[in-house]
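Both complexes shown next keep chain A, but they swap its partner, so chain B is in the first and chain C is in the second.
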Partner chain A sequence: MLSYPTVRASLIFFAVAIAGLLFADIAITASNPWRDLGNFFLGVVTPNFFSSEGLMTALLRTVAFAFVGVALGSFFGFLLALVYRLLPVRIFCAFIRAIHELFWALIFLQFFGFHPLTGVLAIAIPYSGIFAKVYSEILEEADPEPRRLLPPGTGMVAAFLYARIPDCWDQMRTYTAYRLECGLRSSAILGFVGLPTLGFYLESSFSQGLYSDAGAMLILFYVLIASIPLWVRPKLLPIYILAAPFFLGEGLPIVWGNVERFFTEDIIPAPLRGDEGLTGLLPWLNDLMINEALPGIWNTILLTQIALVATGILALLAFPLISNHFGGPVRRTSGHVFLVIARSTPEYILAYILLQLWGPSMLPAVVALALHNGGIIGHLIGRQTNNIRLRPDAPAGFNRYTWELVPRVYRSFLAFLFYRWEIIMRETAILGILGIYTLGFYVDSAIQNIRFDRAMVLILITALLNIGVDALGRYIRRKLALQTMPTC
Partner chain B sequence: MSGFDLSGLTASFGGERVLGPLSLRVREGEQVALVGKSGAGKSTLIRLIHEQVGRNSSLVPQELGLVNALPVFHNVFMGQLDKHRTWYNTLSLIRPFAADRAAVKNLLDELGMAEKLWIPTASLSGGQRQRVAIARAIYRDESLLLADEPVSALDGPRALQVMALLRDRFATSVIALHDVELALQYCNRIVGIQDGLIELDEPSDRLSPSDIMSLY
Partner chain C sequence: MALNLIRKFVASSLLFMTAASANAETFVFTAIPDEDETKLVERFRGVADYLSEQLDVEVRYIPVKSYAAAVSAFRNNQVQLAWFGGLSGVQARRLVPGSEAIAQGVEDEAFQTYFIANTSAGIEPAQELAELEDELRGKTFTFGSKGSTSGRLMPEFHIRDTFGEAPEDFFGRVGFSGNHTRTLRLVEAGTYEVGALNFQVWQKELEDGNIDTNAVQVIWETPAYPDYQWTIRGDVNERFGDGFKARVKEALLALDDKALLESFPRSGFIPASNEDYEPIRKTAEEIGILD
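Right after this comes the complex of A and B.
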C-alpha cells in the first residue's frame, strides 16, 4: 500500500494533522454545552416564523445581495476571462479571489459604511476573480475545430458567438447556477458584519437566546437553497436581476470624505503618516509580524491542516449514506437530508452556532469546516459511486466499502479534497472574526482599534497565504495526476 | 485560381516521417480522389494542403468540426459568416433572416434532410452530421473542395447522391476516399498514396478497380 503515492500523500497529511492537534487549542469551555446544544435543537424543531417581520426582510435582502453580487461578478468575470491568458490579469484575479467576501466587506465598511454598495462589492469582487478563472477554463476546453473551419474574413465577435460560446454555454450556465447558491451563502454571512442579511438576524436572535427564531431562519435558508431549481428559471432570471437592486435596502449614505481619508490617510502605515518616515517603518513592520502576523499564520495553517484531514475523514464516512450500494431508501433519504443540510449551511454560521454553544476554541471551527466541506465532498463522491457497476457476487457491507468502493473513488476523493484546501484556508482565516486566533482575528482587532494600516497588511498576508496554498494544491494534484472539475 | 501547385510537402509524427516529401499539382477543373490504405497519409495530406492553400477552400474534415450545441441551420450558416456584418450575424443567432433560412433549407433539401433544419446537431445520427458538414462546405461557396472521407457514414444511394452534388458544386476538389468505385465514378483523377508517398497518379478513365487494389 505504501508504494502508492496517493496513500503516502494521505498519510503525510494525516501525520501533520495529528501533530497539529498537539499544539491546537481544542476544548469545550462552555459551562453547560450539552444543555445549550439541546436548547438549540429544541429551537430548530419548534421554529418561530412569525416573531417579527425582520425575518422576511432579511431573507429578501439576502436574495437581493446575492443576485446583484453574483450577476456583477459573472459579468466582469466573463470580460476578464476573455483576456485571462495575460499574466497580469491572471495575477489580478488570483489576488481578488484570495481575499474572502467578509474581508472585502470589512474593507468597504470602513469607507462606504453601511451602504448597499459595501455588500454588493464584497460579493462581486471575489466572485469576478473566480468566474474569470473558471469561465476561461471552460472556454479553453471548447472544440477548436469549428473555429478553424470558419471562412477567413469572419469577424472576431461572430466567430466567438458561433464557434465558441454555444459549446460552452451549458457548462457556464451550470457553473453560474452553482455560484448563485454560493452567493446566497456569502450574502447570508455578510450579516455578521452588520449588513441587513440573514446573518445579522441570526446573530441578534442568538444573543437574545431566541433559539426558535434562529431555527426558523435556518429552516427558511435551507428551503431557499433546496428550492433553487424551482424558482430560479431562465425566463425569470432577467426579472430577478433587474429587480434585485431595488431590494437592497437604503442603508446609510456614503460620506465621500471617509473614502478619501481611507485611501490618503488610514491605510498609510503609521510611521509614514507620522514624522518617523522610512526609519520607523522597519520596527513597525517587525512588531506587526512578530505579534500579529506570525501567530495568525501559525494558527491559520494549524487549523487548516486539522480541518482538511477532518473533512476528508468525514467525507469518507459520509458518502455511503447516499450510495446505492448500501442499505435501503429510508437510510438514503435521511443521508441526503443530512448532507444537504451540512453543505448548505455556510461554515461561518456552523462555526458561529457551535462557538456559542461550546465556547471559544479551535474545536467548533474544525467541526464546522469538516461538516460543511465533508458534506460537499461526501455528496459528490456518493453520487460518483452510483455510477459504479459491481460484479453480481461482489462482497457486501464493510468489505464492499473497503475493497470495492473506496479504492475506486479514492483518487477523485483526493482531487476534491486538494481542490478545497484553498477554500478551507480562506474560511479558516475568516473564522478568526469569531474569536479564534487565526489571521481574521488579528484583522478584526486591528480594524476595531482603527488601525487600518495594520489590517491591510494582514489581509495582504492572508491573500498571499491563500495563493500559496492554491499553488501547492495544484502542484500536488498534478504530481499525483488527479483531475477535477471546477464545480466543487 | 482554384488549382494549386505544392511541392516539398512533408509531415512527421513523433520524430517519424509519415508523409512525403511529395509534390502535388492540381489544375482548375480537376477532381482528385486520394486513395490508399488507412494510415497511408491521406488525412495528413488533406490537412497539409488546407494549411498551404490558405483558408480559401471549403474543408470537410473527418471529425466534421460541428458546433454540437447549435441547430443544423446555424452550423450551415457558419459557412458565410464572413459575408455579413457582425450585427447581422449576431441577430441571426437569435432569429435568422428569411432569405438565409430559405437558402439553407434549399441546400438541405438537396441533401435530403430539410426537416432537420432546427434540430440541434448533437442529436443527429452520424450520417446526418456528415451531411451537415457537407452542407456547410457547399454553403461557403468556394471553388476548391478539400474533403476527408465525406460520405463514409452514408449508405449506398445517399453516398452517390452526395458525391454527385459535390462534383457539380465544386469545379476543383481533392477528396480522400476509401471506396474505390466511388473514386472512379465521381473523380476524374486518381492519386494513390502508399506509405506517405504518391504511388499512382492517373486520370480515372485510364484505370480500373484492379489497378488501384494493388495499393491495398
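Right after this comes the complex of A and C.
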C-alpha cells in the first residue's frame, strides 16, 4: 500500500501533524468546561429572540453587506478573469485574496472608520481575487468547439458572449451562489471588529454569558443560510442588489484627510518617519521579525498542519452520515443537520465559542477548523458516494466503508483537502485575534498599540505565507494528479 | 410586510443621503469598551442625554469593540470626545495635536490595579508583590484588554519591575481576556489562576454581590497612578461654536446625577490636564508600548 503516492503523501502529512502536537499548546484550561458547554447548549435550546432591539437590524445589515460585497466582488472578479492570463494580474489577485476579510476590515477601519464602505470593501476586495481565479478556471475549461464553428470575422465580444459564456453560465452561477453563502458568513464575522452586523451582538451576548441571546442569533443565522434557496431567486436578485446599498446603515462620515495620512504617515516604518532614516530600519525590522513575525509564523504553520489533518480525519469519519450506503433515513437526516450546522458556522465563531468554554489554547482552534472544514469536505464526498453503485454482493458495514467507499473517494477527498489547505491557513492566522498566538495575534497587538507600520508588515508576511501554501498545495495536487474542483 | 419594507427602504435611503449633513451638527463621543457592553450602553446613553440637554446640540454615543477603535475614531475626527483610560488617552492625545484631557473622575487621581487569584491556587494576599514570587511563578495569568492601563500597562510594569522578566516568561500562560468584567469571571471560574483588573470594577461587583468570594480573592494592590479621563479634540470650537470646549468641560464637572455617576462608578468629575498623565506616558515608553 505504501507504493501509492497518495498514501505516502497522507502519511507524511499525518506524521508532521503528530510531531506538531508535541510542540503545540493543547489543553483545556477552564476548570469546569462541560458545565459551561452544557449551559451553552441549554441556551441554544431556550433561545431568546427578543433580547436586543438591534437584532433584526443586524440581520438586515448582515445580508446587505454580503450582497453589496459579493456583487462588487463578482463584477470586478469577472473583469479580472478576462485578463487573468497576464502574470501581474495573477499575482495581484493572489495577493488580495491572501489577506483575510477581517484584516481588510481592520485596515479600512483605520481611515474610513465606521463607514459602510469599510465593510463593503473588506468583502469585495478578497472576493474579487477569488472570483477572478475561479471564473478564469471555468472559462478556460469551456468547450472550444462552438467558437470554431463561428463564421470568420465574428467580433471578439460577440464570440465571447455567444460561444463562451453559454457553456460556462451554469457553473458560474452555481459558484457565485455558493460565494454568496460565504459572503453571509464573512459579513456576520465583520461584527466582531465593530461593524453593525450579527457578530457585533453575538460577541456582546457571548462575552456576558447570555447564552439564550447568543443561541437565538445562531439559530437565526442558520435559518438565514439554510433558506437561501427560498429567498435568493434569479428574478429577485437585481432587486436585492439594487436595494442592498440602502440597508448598510449610515455609519459615520468619512474624513478624506485620514486616508492620505494613513498611506503617507501611518504605514511608513517608524524609523523612516523619524530622523533615524535607513540605518534605523534594519534593527526595527530585525526586532519585528524575531519577536513577532517568527513566533507568529511558527504557530500559524503548526496550527494549520494539525488542523488540516484533523479536518481530514473528521471528513472521513463524517461522510457516512449522509451517504446512502449506510444507515436509515433518520440517521441520514440528523447527519445532514449536523453537517449543515458544522459548515454553516464560520470557523471564527466556532473558535470564539470554544475558547470561551474551554479556555485559551490551540485546542479550540483545531476543533473549530476541523468541524467547519471537515463538515464541508464530508458533505461533498458523502454526496459523491451516493453516485457510486456497488455490486449487490458488496460487503456491508465497516468493511464496505474501508474497502469499497474510502478507496473510491480518496483521491477527490485529498483534492478537496489540499484545496482547503490555504483556506485553513488564512483562518488560522485570523484566529490570532481571539488570543491564540498565531500571526493574527501580533497583527491585532500592533493595531491595539496604534502601530500600523508593524501591522502592515505582519499582514504582508501573512499574505506571502498564504501564497506559498497555495502554490505548494497546487504543486502537490499536480504531482498526485488530483482533479481540482472550484466548487469547494 | 411589503409596505413596511418599502417604508424602511425609503427611510434608510433618506438617512444614507442626509447622513453627512446630519452628522455635521451631531456631537459624537465614544468610550473604551472596558466592561460589559450592556453596562456601557446604559451608562453612556445617559451621558449622551445629559450632554445634549446641557449643550443644546444633538449628542450621540457610539459603542466600539476595542480600545484601539476608540482611539482611531477620535483621531479620525469621527468622534470629538472620548472617555479614555490613562494609556489610550495618552495615545490619542499624541496622535491629535491640540486635544486635551478636560476632566477625570475623583477616583482617577489615585487609581489602582488589583491582582486577583482563584482560591484553589492557594495564594495568600501580600503587601509586596516580591513576596509572591514563588507562588506566582508558572501560574496562568490574564490581563484585560491589550490597550488597558489598569488591566495591562500597570500590571505588566510591576511584573517586569519586580521579577525582572517578561510576563510570558514568568507565568505559565498569559492571556488577554478583553475587559475587566471578563477577567473577573475567568479567574472566578478558574480558567486562569491569576488576573489583574481595575479596582473600581472589583469593588462595584463586590458591593452588588456579584462575586463568589469563596472562589476568588484579591492578592495584591498596586501603588496609585492616574487613570481614566475625558479627552476632547482641539478643533471642536471651530465646528460647534466658540466656547464649546469650555461648555463641555463645565457640563461634565457639574454632572451630579447620582445614578449616572454610580454607573461609572465615580463620585464626581474634577478638572484634569494633559500633564497629569505624564507618569503613564513614561511607564508605557519604559515597557515598549509607546515608541
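Throughout what follows, the second predicted complex is superposed on the first by the 488 of 488 C-alpha atoms of A that agree within 3 Å, B and C clash if a C-alpha of one lies under 4 Å from a C-alpha of the other, contacts with A are read in each partner's own complex, and residues count from 1 in each chain.
Throughout what follows, contacts are C-beta pairs under 8 Å (C-beta built on N, C-alpha and C of every residue); 3 or more make two chains touch, one makes a residue touch a chain.
Keep in mind it's a predicted model, so treat the numbers as computed, not measured.
Of the two partner chains, neither chain B nor chain C is touched by A:23. Put chain B and chain C next to each other and count what each touches on chain A; the higher total goes to C. When the shared chain is aligned, chain C comes close enough to touch A:194, but chain B does not.
In the overlay built on the shared chain, the residue A:111 is in contact with chain C alone; chain B does not reach it. In the superposed pair of complexes, A:450 makes contact with chain C only, with no contact to chain B. By the touch criterion defined above, A:159 lies against chain B but remains apart from chain C after alignment on the C-alpha atoms of chain A. When both complexes are overlaid on chain A, the residue A:251 reaches chain C alone and has no touch with chain B.
Overlaid on A, the two complexes show chain B and chain C touching no common residue of chain A. Partner chain C is touched in their complex by these residues of chain A: 25, 29-32, 36, 109-111, 113-114, 192-194, 200, 203-204, 207-209, 243, 245-253, 255, 258, 270, 359-360, 435, 444-445, 447-451. The part of chain C that touches chain A in the complex is made up of residues 8-9, 12-13, 15-16, 19-20, 23, 28, 36-38, 62, 64-69, 71-73, 75-79, 91, 95, 118, 120, 140, 145-147, 173, 175-176, 178-179, 181-182, 185-186, 189-192, 289-291. Residue ranges of chain B in contact with chain A, taken from their complex: 54-56, 59, 61, 63-70, 74, 78-86, 89-90, 93, 136, 140. Of all the residues in chain A, the ones that touch chain B in their complex are 143, 145-146, 148-155, 157-159, 161-163, 166-167, 169-170.
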